[in-house]
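Handing you a structure now.
Which chain is which? They are A, B, C, D, E and F, in the order written, and residues in each are numbered from 1.
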Amino acid sequence: MKIGVVVSEGPYTHQAADSAYHFVKAVLDSGHEVPRVFFYHDGVNVSSRLTIPPQDERHIQNNWTNLAKEHEIDLVVCIAAAQRRGLLDANEANRQGKDANNIADGFRISGLGQLIEMGIQTDRLVTFGD
Amino acid sequence: MKIGVVVSEGPYTHQAADSAYHFVKAVLDSGHEVPRVFFYHDGVNVSSRLTIPPQDERHIQNNWTNLAKEHEIDLVVCIAAAQRRGLLDANEANRQGKDANNIADGFRISGLGQLIEMGIQTDRLVTFGD
Amino acid sequence: MSTLHTVNKSPFSTQSLQSCLNHCKDGDAVLMIEDGVYGALTNSNMSKQVQTKAGNVTIYVLSPDADARGLIGDKLLGEVIAVDYAGFVKLVTKHDRTQNWL
Amino acid sequence: MSTLHTVNKSPFSTQSLQSCLNHCKDGDAVLMIEDGVYGALTNSNMSKQVQTKAGNVTIYVLSPDADARGLIGDKLLGEVIAVDYAGFVKLVTKHDRTQNWL
Amino acid sequence: MSETKKFLYVNRKAPYGTIYALEALEVVLIGAAFEQDVSLAFLDDGVFQLTKGQNTNGIGIKNFSPTFRALGDFEVTKLFVEKESLEERGLTADDLQEIMYEDEDDDWEEKPSIKLVSRAEMADVMADQDVVLSF
Amino acid sequence: MSETKKFLYVNRKAPYGTIYALEALEVVLIGAAFEQDVSLAFLDDGVFQLTKGQNTNGIGIKNFSPTFRALGDFEVTKLFVEKESLEERGLTADDLQEIMYEDEDDDWEEKPSIKLVSRAEMADVMADQDVVLSF
């Protein structure tokens, strides 16, 4: 079965990004698929490669990047939500005249249509948020 | 009278950063002082210079930067909270081996001691959060 | 000695206003801001409690926030006093401390 | 056709569990996760309502979240079934849709 | 895309205090292009999104409530509003904006998009969906 | 700094679901160095922060509850816990961790840091402060 996942809160502040991570791992372990995870609202903050959590805490962005690589999961960051909150890739930074970018490896920025498409193309959709 | 202000939620997602801004302006208009605003929890996200809000929306970070310059307000971003959430200045980025930084003009990164100090040195303390 | 309490959440979705009203003392002030302004609605299932408490505690609503949410005229309880941001500042300076019910 | 509902907030601070219980249908499942697991506490002022609803709806609690918060043994209602993340996935696939009460 | 699914957008939060209501509306507008069977549910504090007379000048945040009146042009015409949620908040249908659409199957007659439903009817609406997105 | 103020840290949120409890504790630990008159209030869901037997292995988040037991070493010895908040949640004092400090004014005798108070007493504690920080 194909299960789509939405993450709508930022890392560390809410448990959502952690819960979604454990859930996606369990989906994969159960032999089902997670073709895409969509990051919306403050969820876009999960994609920042600039986070430096304390040594004894989990590294949420690294966890997602590694999981996505290993299982070819499409991690999509909503562009409208990302722009409001200061999450940019190199392309966007260039286009918008910003002098830095901060999106981590394994995440890609795209439109809200990707969320609707995920709803259409998956069998179930689960949202982790606040 | 000296009034200290804490902002503990991120821009756009919660109204806190807007409410705090209007409050600080009103304090200054009333002839009182705001020596420092302390950004904690997701409030640190207000300091990102990479936000690109829609044209017809307010620019929260610019508002704060301009207000701070005009009235010499010390905008302090908690370092521990900022590191978790991927907010860095050039120094920190260098020290931590990160290839980018994203703190806007007018904000400075410092420790939680600055919050306690603000509590000690001001006559009132008001927190805007969630 | 008295306290200014602020409440910024809808009383219909969280317990913040309830907890604030449970802990504020006679002579204190409660200022509803942001989504907290819904606590000032007439004919709601919170109205009576707010009206009753208004006998011992002065209850204010931040008018820019009330206006934003369409709470004007007879939608607002008569017991609740509307203030603007300048009034918010006055309340902060007038009371000895501010407690924010987040 | 049935729905899996998830609730991730404490029923003592927000109305999410209440609203979920008001809207779920006989044969549905409710899974308490994150701070939502406090809804499974014994002897709380939510216990009776959850126990009563458990007659028509199957109520689950995510055990990693319950463990994190020290909700084990007799702190958990007997009517509530503990599942791990694999069990969470099974519930998602078993029911026709998932509705998340955020 | 040939498949048509029933999408429900669930709105349970008030506007302006948090961004969820606005960002939910952005999803609805984009989603309209996908020609799915779309419904919106407004319950709990979500009913506050539809109230009349919102004026955000004093808080410097854009008033997005007029956008709900444009939903008909995007063929989003089913806005279910829960009666009990209104009553608990001291509101009636008169406190909500008038939101209309032109029914192309009925000689373009103007019809109201807002459908007041009881809590039990709202539960039925929710149970009749393929995809439920919560905000 | 010669001035001493009464600081109250108000904890009303549960641990782990959100970070407020942990980041509040970080403020308390840093604040201890400033030698102010510090109290902590635990009410509403904040009482969950102090429960025994927390085991976070399954969620991959650090269990910070043992840190409360170290507060005595930082001379943070006044933890007010509201009885009514416990009762509403089906909890009793037995469900909370034992948190002790050594009283230097009483021959270093071990004493409990947790003080159970009624709602009315909690209101008195709150009304007796110079600075109230809410989390």
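The definition used in the following text is that a contact is a pair of C-beta atoms (placed from the backbone, for glycine too) under 8 Å apart; a residue touches a chain by one contact, two chains touch by 3 or more.
As the structure is a prediction and not an experimental result, all values here were calculated from the model.
A.B. asks: Under the document's definition of touching, what chains do chain B and chain D have as common neighbours?
C.D. replies: A, C, E, F
A.B. asks: Which neighbours do chain A and chain F have in common?
C.D. replies: Both chain A and chain F are touched by B, D, going by the contact rule given at the top.
A.B. asks: What is the Cα-based rotation angle between copies chain E and chain F, on a 0 to 180° scale and rounded to a multiple of 5?
C.D. replies: Fitting chain E to chain F on C-alpha positions yields an angle of 180 degrees.
A.B. asks: Taking all residue numbers at the chain A to chain B contact, is the shared part over half or under half, that is, same or different?
C.D. replies: Homomeric contact, same residues on both sides for the most part.
A.B. asks: What's the distance between the Cα centroids of chain B and chain E, rounded to whole Å?
C.D. replies: Chain centroid spacing, chain B to chain E, equals 35 Å.
A.B. asks: In angstrom, rounded to a whole number, how far apart do the mean CA points of chain C and chain D lie?
C.D. replies: Result: the chain centres lie 33 Å from each other.
A.B. asks: Averaging over Cα atoms per chain, report the distance between chain B and chain C in Å.
C.D. replies: That pair's centroid distance is 26 Å.
A.B. asks: For chain C, give me the residues that contact two or more of the other chains.
C.D. replies: Correct list: 8-9, 12-13, 15, 34-35, 64-65, 84, 97-98, 100, 102.
A.B. asks: Can you list every residue of chain E that touches 2 or more other chains, as numbers and ranges?
C.D. replies: 12, 16-19, 44, 59, 61, 131-132, 134 - these are the residues of chain E that touch more than one other chain.
A.B. asks: Pull out every residue in chain A that's touching 2 or more other chains.
C.D. replies: Only 12-13, 15, 19, 22, 41, 57, 80, 125, 127, 129-130 qualify.
A.B. asks: Quick one: do these chains touch in a line, a ring, a star, all-to-all (complete), or other?
C.D. replies: Topology of the interface graph: other, matching no listed pattern.
A.B. asks: Which pairs of chains touch one another in this structure?
C.D. replies: A-B, A-D, A-E, A-F, B-C, B-E, B-F, C-D, C-E, C-F, D-E, D-F
A.B. asks: Give every residue of chain A touching chain D within the complex, in rising order.
C.D. replies: Those residues of chain A that touch chain D are 1, 3, 8, 15-16, 19, 22-23, 25-27, 29-30, 32, 123-130.
A.B. asks: If you look only at chain E, which of its residues touch chain A in the complex?
C.D. replies: On the chain E side, the touching residues are 1, 3, 5, 7, 19-20, 23, 26-27, 30-31, 33-34, 36, 131-134.
A.B. asks: Spell out the residues on chain C that touch chain D in their complex, using ranges where they run on.
C.D. replies: Touching chain D: residues 12-15 of chain C.
A.B. asks: Which positions of chain F touch chain D when the two form their complex?
C.D. replies: Residues 12-18, 44-45, 48, 51-59, 61, 63, 88-91, 95.
A.B. asks: State the interface residues of chain B toward chain F in the complex, per the touch definition above.
C.D. replies: Residue list for chain B touching chain F: 6, 40-41, 80-81, 111-113, 115-117, 119-120, 125, 127, 129.
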